[in-house]
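The structure is given below, and queries will be raised subsequently.
Letters are used for the chains, namely A, B, C and D, taken in the order the chains are written, and counting of residues starts over at 1 for each.
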Amino acid sequence: MPKQESKSTRSDPSRAVAFSDAVIAIVITLLVLDLRPPETEPGELLDGLLSEWPTYLAYAASYVYLAVIWLNHKAAFTRIREMDRGLQWANLGILATLALVPWPTAAIAETARTGNLEDERVAVALYAIVGALLCLSWLVFFSYLARHPDLTKEEVSDSYFARERPRALIGVALYVAAGIAGFLIHPLVASVIFLLLPAFYGLTSHGFDQQPAILRGGQKRDNTARNSSPKSS
Amino acid sequence: MPKQESKSTRSDPSRAVAFSDAVIAIVITLLVLDLRPPETEPGELLDGLLSEWPTYLAYAASYVYLAVIWLNHKAAFTRIREMDRGLQWANLGILATLALVPWPTAAIAETARTGNLEDERVAVALYAIVGALLCLSWLVFFSYLARHPDLTKEEVSDSYFARERPRALIGVALYVAAGIAGFLIHPLVASVIFLLLPAFYGLTSHGFDQQPAILRGGQKRDNTARNSSPKSS
Amino acid sequence: MPKQESKSTRSDPSRAVAFSDAVIAIVITLLVLDLRPPETEPGELLDGLLSEWPTYLAYAASYVYLAVIWLNHKAAFTRIREMDRGLQWANLGILATLALVPWPTAAIAETARTGNLEDERVAVALYAIVGALLCLSWLVFFSYLARHPDLTKEEVSDSYFARERPRALIGVALYVAAGIAGFLIHPLVASVIFLLLPAFYGLTSHGFDQQPAILRGGQKRDNTARNSSPKSS
Amino acid sequence: MPKQESKSTRSDPSRAVAFSDAVIAIVITLLVLDLRPPETEPGELLDGLLSEWPTYLAYAASYVYLAVIWLNHKAAFTRIREMDRGLQWANLGILATLALVPWPTAAIAETARTGNLEDERVAVALYAIVGALLCLSWLVFFSYLARHPDLTKEEVSDSYFARERPRALIGVALYVAAGIAGFLIHPLVASVIFLLLPAFYGLTSHGFDQQPAILRGGQKRDNTARNSSPKSS
């Protein structure tokens, strides 16, 4: 009975995908559009532009991070057949936290410019909190799908999203660790972890099974690929 | 004859849905992107960030509210087959009022920071007016659909949207009541109602029939579910 | 030969429609999001909000205007089968000019607040120029379609878009007249025309043939309706 | 084996196209929305508006440039059947660099207003760098497609995207040349090249083969047209 009720409010994911694309496109674009010519005295534009290098670096890193999130989002939704209300809210949680990313990014860029070590510690801690929240929202999303295999496409193996959870959990742990290390030891320690984590997620965006072919038997991987990687439509 | 004329200007709702998704995505994302690192003296970033807690709370509440509106919008449009000009304008009315939400949200957040009780009363009254207008726009939308059953999908019962009207009407009444109570008694009274109302709409986003299974006979609900809850496509 | 070449670069309008929807959604939403709580002394929020009434009026009028433009855009594209490069540029011209609308709107709102008659004349003249440019871009768009009947759907009568041109031409003439009257006589004269023109376009968004049923023989209208009003898909 | 693995992460380009459309729509619209009434003393609005002419010119040129980029993007994607991870990143590179365009555009407009020749040199050099990066991102995109003919539609000739590379390479070279000339000789030299390059790309948006019919034998062009210009769907 409760099963039946929940089914009646299900829908295919097309509108949620379009909505998510719009949100991610706005966040990633406004990040870049935030770049403005510095307000400098006449003749000092070049100095002004050059002194903003931490901003360029921070925005480039955030752009890559958000691009990785979008690719991961796309990879996950090619495997989803239907959405119920719980999955809608899990997705809205991801969107809410990813839209926060430009906020600590700007804080890191500004404190890098002013060079106050105390503020730099606070800024990397803020970034670590937002990063951990973002990984947490993915953990909720993957866990929900792991517990509701009827929402995924038929060709996706039942354990696919269960096996995705460690990826998100590692992120939560590493962001928390980076925040603590950046706050207690030095902000630079945190910054290095912040740059490495998106790379890790970029390389594993289709799951642990797909990428590290070197680490696993090719035979088994092929089967997994056939079972769990439908084309999006 | 007038019937025929109106039919010739009808269209399927796909473009209105895409347009609405874009508008809601922009509003909900810019709400979050509005978060900026506070401009503080060197070494005072932490204090600056912590003192902005009313902003975080207000934006979180508004995000949830707009997410609920989007889910309700999605639930309504899965039941709509065709749109005529009247329904287009009713939808544009919803979009206009929901785009207003960040405005009183910012007013409440700012007055909570400055702590002037007089301004706080005005801010909650403004929020109440916008909230009431938003519910009013949904009332117009539901009423229009109730009077034009030929615009809904065949499997939707003719009384579905008529039964949605009380939900919107309750919202108008409660926002007006919250505004008056917040202005005359204390802003906190209004704030509690503001937080409860989105929860109410979130729980009933597929209509009164669907949700409160506890309150009604399961047998009858099942029939309703079969009649009135088409899958979106 | 040139015919063949031009055909090879044609495409169906779906991506241009999605792009236009996104642009119009951004313009119409940012117009509303531009509303901000006024920066007032403690205790003066109410006065600050009330003194901004010209802004509310100007934004409401612009919202309705942009909504009318979107409905007209939708009505035109339900009749278009294919786009070539010329039509793409005609559409991009419409998007460029409609994105200008918030600019003179803000100028009118600000000059209404400061109350300098000289500036008010300039602001209405600016609005008139943008309005005339917008109608001119529609005139180019309709003329292009009138000269390329092979781009429209089969069921659309060949003269449909030729008959749309006077609507756009009237707009150009009236905006120019309003600008001159507003500049030479009084800004209020222009403002009244600015408010009436969107209403005119809203009522005729499916062409002259469709709307004024009272003015024409019902029999003839019915035939036209059958020929020229395909459903969008 | 590696082939098989890469295939399992492929998807059709529809979601990447929608995402790109949203990003380009945001960039092109916010460029226009950046226009604001100047903050002038009462009675000086006209002077304020007129003195901003470099801004109008710079924004008009950038609008046309971004419109050309969108048309080129559309033309390229009508020929793409599937996307793998490499092509996704090549596309994300184009989006990142095109979102940069408003930044040097604003720098040129502002330095033209202040009239400091030193800053003008820096601004055109910045514009040249962004322009060269943008062409470079297209070069990467075309080269990737030239090396992966299995990603393009069947009716597209294998050499189509290889023949697109010179167009991008010319752009890189000309932007670098314009930057050097603008910095060493005079900013005006660079500005003329900046205005001519988008025109060049606009005229060749469907490849060298399509446009200059005058320069080539009509017979050969026709065959090419049949082979390489599928309709988008």
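Methods note: a contact is a pair of C-beta atoms (placed from the backbone, for glycine too) under 8 Å apart; a residue touches a chain by one contact, two chains touch by 3 or more.
Computed from a predicted model, the values in this text were never measured in an experiment.
Engineer: What's the overlap between the neighbours of subunit A and those of subunit B?
Structural biologist: none
Engineer: Compare the two sides of the subunit A and subunit D interface and say whether they are made mostly of the same residue numbers, over half shared, or of different ones.
Structural biologist: different
Engineer: From the C-alpha centre of subunit B to that of subunit D, how far is it in Å?
Structural biologist: Averaging C-alpha atoms per chain gives centres 39 Å apart.
Engineer: What is the distance, in whole Å, between the centres of subunit C and subunit D, each centre taken as the mean of its C-alpha atoms?
Structural biologist: Each chain reduced to its C-alpha mean, subunit C and subunit D end up 28 Å apart.
Engineer: For subunit B, give me the residues that contact two or more of the other chains.
Structural biologist: Residue numbers touching two or more other chains: 18, 22, 26, 30.
Engineer: Chain contact graph: line, ring, star, complete or other?
Structural biologist: ring
Engineer: If you go through all the chains, which pairs of them touch?
Structural biologist: A-B, A-D, B-C, C-D
Engineer: Which subunit A residues qualify as touching subunit B in the complex?
Structural biologist: 1-2, 4-5, 8-12, 14-15, 18-19, 22-23, 26-27, 30, 85, 88-89, 92, 95-96, 99-100, 102-103, 106-107, 110-111, 114, 116, 118-119, 122-123, 126
Engineer: Which stretch or stretches of subunit C touch subunit B in the complex?
Structural biologist: For this pair, the touching residues of subunit C are 17-18, 21-22, 24-26, 28-30, 32-33, 35-37, 40, 42-46, 49, 63, 67, 70-71, 74-75, 78, 205-206, 210, 213, 218, 221-222, 225-226, 229, 231-233.
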